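Below is one structure, written out as structure tokens; the observations come after it.
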């Protein structure tokens, strides 16, 4: 605990995802005073076909 | 805000998904009085291997 | 199936939530050709203390 | 109702997933006294690239 | 890993929830061959005001 | 985009939650190169009655 889920458009590089997991874990650990060993991060990648704002999918823009 | 997630079996056409995002956004906007620009829709597609009711996966029926 | 989750700030009236469930179900049924009996809607209400954009919680604005 | 989501690393065999859905449904039905017909199970599979504990992704270990 | 979420109507007793967590953990451990220590269970309770099927909330039936 | 959900035991102070939202937003913005204005953070608080590891709820320990 805590469990962190980051939902974003697919296509980030391995380096970006590696840094994301490391730095988000650091930010959570520091601000809510949780040991890093207890923090879990999930990345959920969306395609532009399955994500829309204001009624329009990103793949249709 | 609001954020809407629609979870369903994979295989809908692009036309169906486009209409889904448009019409769900319209329905949410109208009923809870939120500007369409503020409404986000996520589609999550499941495979029949990963979805079961009454203890049986859809791929096993 | 489908399963729809609508996440929004708490405080909508019962009438708004009732209409939301009815009209979102209608929109999903029509666009992806699913019988209304098979459609489930979950409303998740957030407090302003637990929701932030651009690094600032809504309760802190 | 209830709706059960099991999130795990990808790679389980069809036999494991079939048994998982059957036995989790049984366990839920028995303990909260819900008919099996009303219980839904979703399996969500994660890749090791998108899952980390203690700041390190499983694919980086 | 795995992470299990059970979403259901509020109102189960502590005894039911305790048994649910124990038996679901057992079922997952056995079927996907994961040590019990690695299995997490979250219970999410819904109110009847925030849950509908076929376009009608349970609180409106 | 991205959308970040942090799930943790209830009981953090407003100051901790404010810092959490600010610093997680910063970490995500920096590592995946997203403008802070586009980043949303949701905090989900769990009770110890509804959260268990290894088959035992935290409220039963």
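When the chains are written out, they are named A, B, C, D, E and F in that same order, and each has its own residue count from 1.
Here, a residue touches a chain if its C-beta (ideal position, glycine included) is under 8 Å from a C-beta of that chain, and two chains touch if they have at least 3 such contacts.
Just so it is clear, the structure is predicted and the values come from calculations on it, not from any experiment.
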Using the touch rule from the top, work out which pair, A-B or B-C, shares more C-beta pairs.
B-C
Shared interface numbering between subunit F and subunit E [over half = same, under half = different]:
different
Where the centres are mean C-alpha positions, what is the separation of subunit A from subunit C, in Å?
22
For subunit A paired with subunit F, centre-to-centre distance based on mean C-alpha positions, whole Å
12
Averaging only over C-alpha atoms, locate the centres of subunit A and subunit E and give their separation in whole Å.
25
Residues in subunit D with touches to at least two other chains are numbered 3, 7, 22, 26, 40, 51
For the complex, give me every residue of subunit F touching subunit E.
7, 46, 49-57, 59-60
Tell me, which parts of subunit C touch subunit B in their complex?
1-9, 12, 16, 19-20, 22-24, 26-28, 30-34, 51
Show me the residue ranges of subunit C that touch subunit E in the complex, using the header's touch definition.
14, 17-18, 21-22, 25-26, 36-37, 39-45
